[in-house]
Structures are given as C-alpha cells and as structure tokens.
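Presented below are the structures under discussion, each in the form of structure tokens.
In what comes next, chain A is part of two complexes: it sits with chain B in the first one and with chain C in the second one.
Let's look at the complex of A and B:
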C-alpha cells in the first residue's frame, strides 16, 4: 500500500458540535484510502462514523485537521455549491429516502448522476465513461479479487447490451432492475431495491470514492449481504474506493479488505479484515466481536461487556 | 404434560379495506410453555408484530379474527372491554422495539410503574412503591427510590428497555411478548438485555414469545424457533434443529444469505454464490424492507 498516493485521506480530524456541553464527536482521526480497496468503518451508535462521512464529503467542517482528496484539501461546503471536482466523492445513506428524492422518477435521478460525470469530464477535457477523474479506467485485477469474475459480465446476467453504457436504463440493469423501471417513483420499490437504485445514482456520477453510511442497516437480514456485495462489486468495477460504514460487523467482514474500528471518536483498531476478526487486540474490538450473536443454533448468549472504562487503551494497528 | 402458558390456535386475521379483506395471518398456531422462549422470526411484513398484538387484543382496527388464544382455559379472543384491560399487564406483558412505545416520556419512571401496579393489582401506594422498586431491581436498573423519580430520557436506550421490561413484568404476568426488544440497541447493549430476558425465563418460569427478524438473536435466546412467511408459520421446531437441519426450503434460503449460519456466508468466497439481485426480496412490494412498528 505504501508508495502509492491515497485517493482520499483524513488527517488528524477533530470535530466538535456546539452545545451545552459541546460534543467532541471525532478526536484525532487519520486514515488513507487507496484505489481499489473496500474499507469497513465500524463501531456503535454515536461513536462518530457518520460525522467522519460528513467531513469526507465536506458537509461538516472539522475543528482541526483536514481531508485531502487527490492531494488537495476538501473544501467544506459553505453556502456555495459543491466544487465540481468534489462530486467524485459520492454517498449512499442508511435511509434510501435521504439518497433519493421521493417526488422524481428514479431514471431522472440516475440521469443527474450521469450529468455530473459528464460535466466533470468536460471540465477536465476527457470523455465521461472513461473512469474517474485523473485515473485510468478500472483495474480488472481489483475487481476479480472481490467478485471472482470479470466486472461487467458478472454484474447483470440479463444486461441488454443495446443500451448505451451511460443511460439510466443501463444503470438500472447493472443493479438488477429493468430499464423500464426508470419511470417509476422510489416509493414503489422495496427497501433493498431503493438502496440498489441509490447505489446506481451515486455510481453514475463516476465517483472514485463511494461512501456508504449504514447502507444496509434498514434492510432485512437476508437482503443485507446481497446489497453490500453488489455495492462493493460495482464500486470496484469502476475503480472506486468503497468506505463502508456499519455498526454490524458480520456483513462488513465479508466485503472489506481492511477494517477501521471506532470507539468514542477514535479509531481504536485497524488492519486487514481477517487479522482484526480473528485476532482482535483492543479491548473494545474484543467486546464488539464477542457481542455478535451467531445464527448457529447453539443457544449461546453473547458476552455482556464490562464497563466502558475498560476500553481506554491505546489503539491497535495490525500490519498490512 | 401440562398445558402451555399461552396457546395460539389456528389464528387467522384479515383487515377489511375498501377492496375487500386483506389476509394478514393464516392459521397461525404456537405454544409457549412456562420457562420457555418461543421465537418468532421472519422478514419484514410477514405478520410477527400483528401476531403479538392480537394476543393482547391490540390488533389493527377493522381486523377480522378467527381462531383461539388460550391462557389457563380462557380464550382471550372471547374477552372484550374492561376484562381485556385486566388481561393486559396482569396476565400478559408486552415490550416493543422502541421503548418509547411502552414508556410515557413526560411521566417519571416511578409513577409509570406504580400506576400500572395499582391499576392491575388494586394495592395501596406503599405496596405499589415497594413493587416498583423490586421490579427495577429485577431488571438490573439500580438506584431504588432515586431511579423512580427520574424521567425516561434520563436513561440510556438499554436502561429504557430494561425499564419497559420491568413495567411489563411488575404484575407478574405468566407470559411476556417481546417484539424486537433489542433491535434498536447496540450489540453490546443488546447482549445485556438478552441475558436479562433469559435469566427471567429461567428464574421465574416466565413464558416468552420473542419476536425478531434477527436470526442471530433468535439463536441466542430461543428454545423453539418458528419461521413466519406471508402470515403463515412455515416451520416451528427445536432451536438447534431449525438452525442446523431446517426442514423448510424458505428457512434454508434465509440461512443461506446470513453470515455465520450453517450453510450461510462464512467467507468472502461464499459471496460469489449468492444472487446479489436478491431473488425473492423483490417478490412483493415492501418486502425486504424493515420498518418501525
């Protein structure tokens, strides 16, 4: 991983929300995300995951530290519009209602994403569809690693290749829906289908950073792994980094190359997924893993954690 | 064998609407024995919550119900009006996913507990207070009288759920219906609430109908597991059997898409064999989506 430049990096982020008393939500967080990887950011409610996502997208201004996107600082959104280059960072939220406009047909919303990509491409004198800003097209090696098959062929078994790649109908097919669905409104789709549409809309903008903030938490258990898998597959086939935020480790573990475990505003453990999963070093990570009930029929109650004071320990970093 | 604490027998329910009767529950039968946790699992919209609500007579308006709900020889479906109020709380307690549904935000915890106890048990203030403090003790929310004078928002989510359980059990009902009682909680907090419910079952001989969509949680607390689909119980059996040798194709399908289940997703390689477009999940509008009750 070293020697390569990160696509996006958080450097010593501190975030404080005003209030009585103020909430110190993020307390010195740094990490780098590299092209072609899926990184899981996990931790329990209130630990600061969404705040990090909002700082990465410029929605929240850090009190200290900064976010670097292709080596340039991400400008927090003031009153002005989002700088065009920063639309290469896209997000999918927990509630599909926040990612999709309920009053517009889904095809038009995917078209918005396509328009953004085209606009950014014109600005940089490049054809859209050629891959994210300033990057070569997707690296098939990365794709294979996660999905075991070449990208596009695996994505939609029924894909009508007659549709242009950059059309809403084609995007719907890539997420397993039909081109004809583009005139339907979000409410006429199930939760899982809406999250797939939100993923299509985000990816149509050809991001090289896709952030999913609890994108599967509102879905039925049997749908969660499917949507997570689809997101990671599509993001990688586009050459984007996927930062997958979740409070539920059991699915994340299956798609992430690396994990960042957060507790009380800090990253307390990080490293390759299997290393963290099979050999957790920080007391909080141990408790978090021990509390996940396994659907194995054994009738084992999850371990009840000790008091939070026990989690005050230095961060654990596993070698890559 | 003694009769189960709660027997749901051939329960069917439809909701009368403008275009006729929408079937919701179809011939649901379940026994919940003393000292036993009967789990009820299934995807969103399958009818789990409606099943629980019907037991305590809180089914949706315009419901048409047939079947029997037996407790101690009484058919609860035949009980109406104020007699039904007496059943709720004193014979069957219920807790919901969102403790906000069971707790009144503007009333002190103590008042909620004592009101409940005095309504059902017709005891004096002093005895109600004693019972309230004991009920809180039992669920591990300490602090005694001090706790009684605090409001629900002054407690954490896990403590609020414990308090909701304390209220549900304050009048010593034989049966507790727990509808997704830990779904809104963090896993570490969930662990404590699951341990509490299990210990109440084991120590008091409580009969619990435990509703959840989370098969991991089900595997941890339930003795018997029923799987519901489209208002029907497709499989009901011993926990270990349902998880390790599921009899119904639908149960196998559910387990196959779960991380950590037998035949489920155990590694990244396993992902390659699932259909990411979720065959089945799009099979009905609104299926596959979780929603608050």
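Let's look at the complex of A and C:
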C-alpha cells in the first residue's frame, strides 16, 4: 500500500464522552484506508466502533488527533451545513428502524443523495452520473469472496436500459428492489430492504468513502450476507473504499480485504483478512475467532476468555 | 426474495365501507358510547359554527321579542333582557367562541412550535434563552396572567385572544422541544446532515413533519381549555363587548338576573359541552398515539 495516498486516514484519535465518570471510548486509533479496498472493523459491542465511524464523518469531535480526508482535516459538524468537499464520506447506520425518515417516500430520500452528487459535480465542473457508478465489476476476486452468490442477481438488465442511471428508481433496482417502490414509505419495507435503501441513498451521493456501521447486525442471518455483499459490490463498482463495521467476524470475513480488530478503544490487530483469520496473533482476536460458529453448523465453542489483562498485549500487525 | 415480499404487500388493500374504515381508524377512546357522544357533540358544534346564522330563527342582535320570555313557544330557549332570542345568540356565539378558540390554538401551536424547534435543534444558548423565557411564563398562574394582560391591553375580543396567546404557547414549546431532542439523535437526521442538509432543510424535512402528530394531539386537547379561557375573559368583561353574542359575556349578563335561570344555564351548557367534548376527543387521541398510557 505504500506509495499511494490514503483516501481517508485516522491519526491518533482519542474520544472522550462527557459523563460521570467520562467514557474514554477511543484511545489512540490510527489507520489508513485506500481506494478500492473493503476494510472490516470488528470488535465486541461497546469497544468504540460507532464512535470511530462518527468521528470519520465529523458527527463526533475527537478529543485529540484528527481525520484526514484527501490530505485535509475533516471538520467536525456544527449546526451549519456540512462542507461540500467532505460529503464524499457517507455512512449507513445500524438501526433499520431509524435509518430512514418515516414520513418521506423512499424515492425522495434517495433523491437527496442524487442531488448531493449533482451539486458536487457542478462545483467541480464534472457531470454526475457519468462517474464510476455502473454495473458491478466482473472481478473474480470479489466473486470468490461470496459463497454461492450469483454475481449480479439483483439487477434486471431490461430495466437498467430504461431508467436513467441517476434516478431513485434505478438505484432501487441496483439494490434489488423495484423502481415502483420509490413512492412507498419506509414502514412498508422489511429491515433488510430498508438497509438496502439506506445503502442506495448513501451511494447515490457518489461517495468515495462509505462507512457501514453494523448495517447488517439487526438483520436475520439469511439476509446478512446478501446485504453485506451488495454493499461491497456497489461500493467497489463505484471506486469507493468501504469501511464495514461489525461485531461479528463471520460475515465481514466474506467481503473484507483487510481487518482491523478493536478492543476497548484500541486497535489490537490488523492485517489482510486471510492472515488474521488463519493466524490470529492477539489474545483478544483469538477469543473473537473462537466465538464464531463453524459454517458447517457443528458449532465451535468459545475459548475460555483469558483475563482482560491478557488483552492488554501489544497490537499485532500483519504485513500486507 | 425482495420481489416476492413487495408484491405480497401491494395486494393487501381490503375493501371496506367508508363508515367501517372510519370506525376502524378512530382511536379506541372514541369507539365507546361516551366517546361517540363526545365526537358527535363536537362535530355538531363545528357544524353550527359553519351554518349557525343560517339556521337561527332570529337575528341575534335584533331586539324584537318580549323581554325575559321563558323558554317556550315564542322563543325556544327564551329571550334576554333586551328581547333578543337566546337560541339565535347561542348559535351565533358558537362561531365566536369556537372560531376564536381554534384561532388561538393554531397561533399557540405556531409560536410554540417555532420556539420549540429552535430550542431543541440548536441547543446551547438558543435553548437556554428560549426555555428560561418559557419557564418564566409558565411560572405565572395562567388565568391571572391572561387577565392582567387582557386588562392591560384593553377589553376587546382581539385583545382577549392575544392575552390568551401569551399564556398558551409555552406547553407547545416544551413538547416540541422534547420531541426534537429525541429526533435529533435519530440516524435519519444524521444521514440528512451527512448528505449536506442545511439546518433549515434538516428542520423542515426531517424534524418538523415528525413533530406534527404529537403537536396536533396537544392542540386538540387544548381547544376546550382555550374556549374556557376565552369565555372566562369575556365573562370578566375583558373580552367580547356588549352586542357581540359571546357565551361568556352572556353568562356574565345573566348574573344580574338571577331569577331568569335560562339566561345563564343555556350559554353555560354551551360552554360546558364544547369544553367537555373537545377535551374528551383530545384525551382519546393522546391515548391512541401514546403507547405509554394504559388503555382502559
């Protein structure tokens, strides 16, 4: 990865939430994300994953350190409008129940993303919709990661020709829904469908950084892999980097090129997915991997967790 | 998988008669005898607001009948000290009292919502300033503050509405603010901000539409109270001036003719039924929309 400039980078982030006592949620986190990669951020609930996502988007102000997006610091969001230059960082949230406005048809919400892309394009003198958004790449490496998924099940080719690329209906089709669904309200969709819609809205904005904050955790097991695959496929086809957050390694492993393992506000292990998966170095990662049921359904018993002191071992970094 | 699901949902639009669907849509509180009566009474008063002067047997201001006629053949509800037909005056008064109550409630909702939205959305000193002011107004006894304001402004119906407005917006500001505080942390509001919404657009698109439901419930609960406050001010001589057919001032005039019972009883009943029926509807709506309240 060296030699390339990262799209977005976290530099020594520290986050403290006020309270009695204050919560030191993130304790010195640094990482870099590069164009075209899918990175999984995993760790148990409460370890600070969402906080990192919110700092990256500017929703939370770090106590120390900063986020660099294309080499420029990300300005924490105040009451004013988000700087246009930073709107290339988009996010899909965890709770399908609140990730969409219940009082607006989903088409209008996707249109917000399209409007933003158009506005950014006008500002930079480029035409929107002509960008990298298109059909998914026939990259065998991506297909390999998805067990038994047809590469492009969701997109119907006839409809793709009829609808303009930059329309809410077309985006709904890209995420496996129908163009006619755009006039429906969020409550008439299932959780998985809402997360697809939220993904469509975020990607319609043509981001080059997409953050999924546990976008599949609230979905049932059969939908999880599908939505995760869809997100990574669409993000990659758009040339965006995807930071996929989860407390569950089993699905992340299928889509991520690289893993960041987090524990208690720190990154304790990082490296290519295969390396971390097959050769976990940090005691915490070993426990995390041990807790995953085997795909054959036989089940794998979690290791007896060592005392927390053991987790304080120095971070393990696998060479790329 | 998704395609099948969406089609299933489209097919479930059962055909029912309009009355049946209205009945199903009505809050449970109105689907019992007392609730039904309240709804019918309120509806009847609203109709009278619209067509009252048309169905009135006499001109409410004309002094053309014998004075102090008890209820009977000449005048269904009797006549007053100037020989005006009481029924006609009560029918005409509906428009004054209910109309102004609706106006008052709408204005309170407007002012309270704007202040509550600003306080809740912007927080910090905006919130501090607005809420301290709201608390200040709430610290005074409502009726007394309204009376003092009305007296200071001078007796007129318009001033009575203004005085009532001074005391009736704070609950809206409070409710809207607390709803906004809850909404502000919602993921879809964050998403909007991430998509570059300005504060104004975020409020208009993501926040305001989600505060309307609870605010309308509060408003419907408030119509009865507003009617009581306005007729109370008129009763005290701080609102409607003499020839205007206003229920509060009619009761007030009746006080000096205590033996002519119909002069006070009928306008009083009008006030009572309006206040009770609208309060009942408001309660039923609140129970239906607030899952925290036990349903009986």
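Remarks
Keep in mind that, in the parts below, the second predicted complex is superposed on the first by the 283 of 320 C-alpha atoms of A that agree within 3 Å, B and C clash if a C-alpha of one lies under 4 Å from a C-alpha of the other, contacts with A are read in each partner's own complex, and residues count from 1 in each chain.
Throughout what follows, contacts are C-beta pairs under 8 Å (C-beta built on N, C-alpha and C of every residue); 3 or more make two chains touch, one makes a residue touch a chain.
On a predicted model such as this, the values are computed, not experimentally measured, just so you know.
In the superposition on chain A, A:20 makes contact with neither chain B nor chain C.
In the superposition on chain A, contact of A:253 is made with chain B only, not with chain C. Contacts of A:193 after superposition: both chain B and chain C are touched.
Of the two partner chains, chain B is the only one touched by A:227; chain C is not. Of the two partner chains placed by superposition, only chain B is touched by A:218; chain C is not. By the document's definition of touching, of the two partners only chain B reaches A:287; chain C does not. In the superposition on chain A, A:103 makes contact with chain C only, not with chain B. After overlaying the two complexes on the shared chain, residue contacts for A:176 are found with chain B and with chain C alike. Once the two complexes are overlaid on the shared chain, A:116 sits against chain C while remaining clear of chain B. In the three-chain superposition model, chain A touches both chain B and chain C at residues 176, 188, 190, 192-193, 196, 223, 226.
Touching chain A in their complex are the following residues of chain C: 1-3, 5-6, 9, 121-122, 186-188, 190-199, 205-206, 209-210. Residues of chain A that touch chain C in their complex: 57, 59, 77, 79-82, 84, 87, 89-91, 93-95, 98-104, 109, 112-113, 116, 119, 176-178, 181, 188, 190, 192-193, 196, 198, 201-202, 205, 223, 226. Listing the residues of chain B that touch chain A in their complex gives 43-44, 186-188, 190-192, 194-195, 198, 213-223, 239-244, 253-255, 257-262, 264-265, 267-272, 274-278, 280-282, 284-290. Interface residues of chain A facing chain B in the complex, by the touch rule stated above, are 44-45, 146-149, 175-176, 188-194, 196, 218-223, 225-227, 229-230, 233, 247-248, 250-251, 253-255, 287-288, 291-305.
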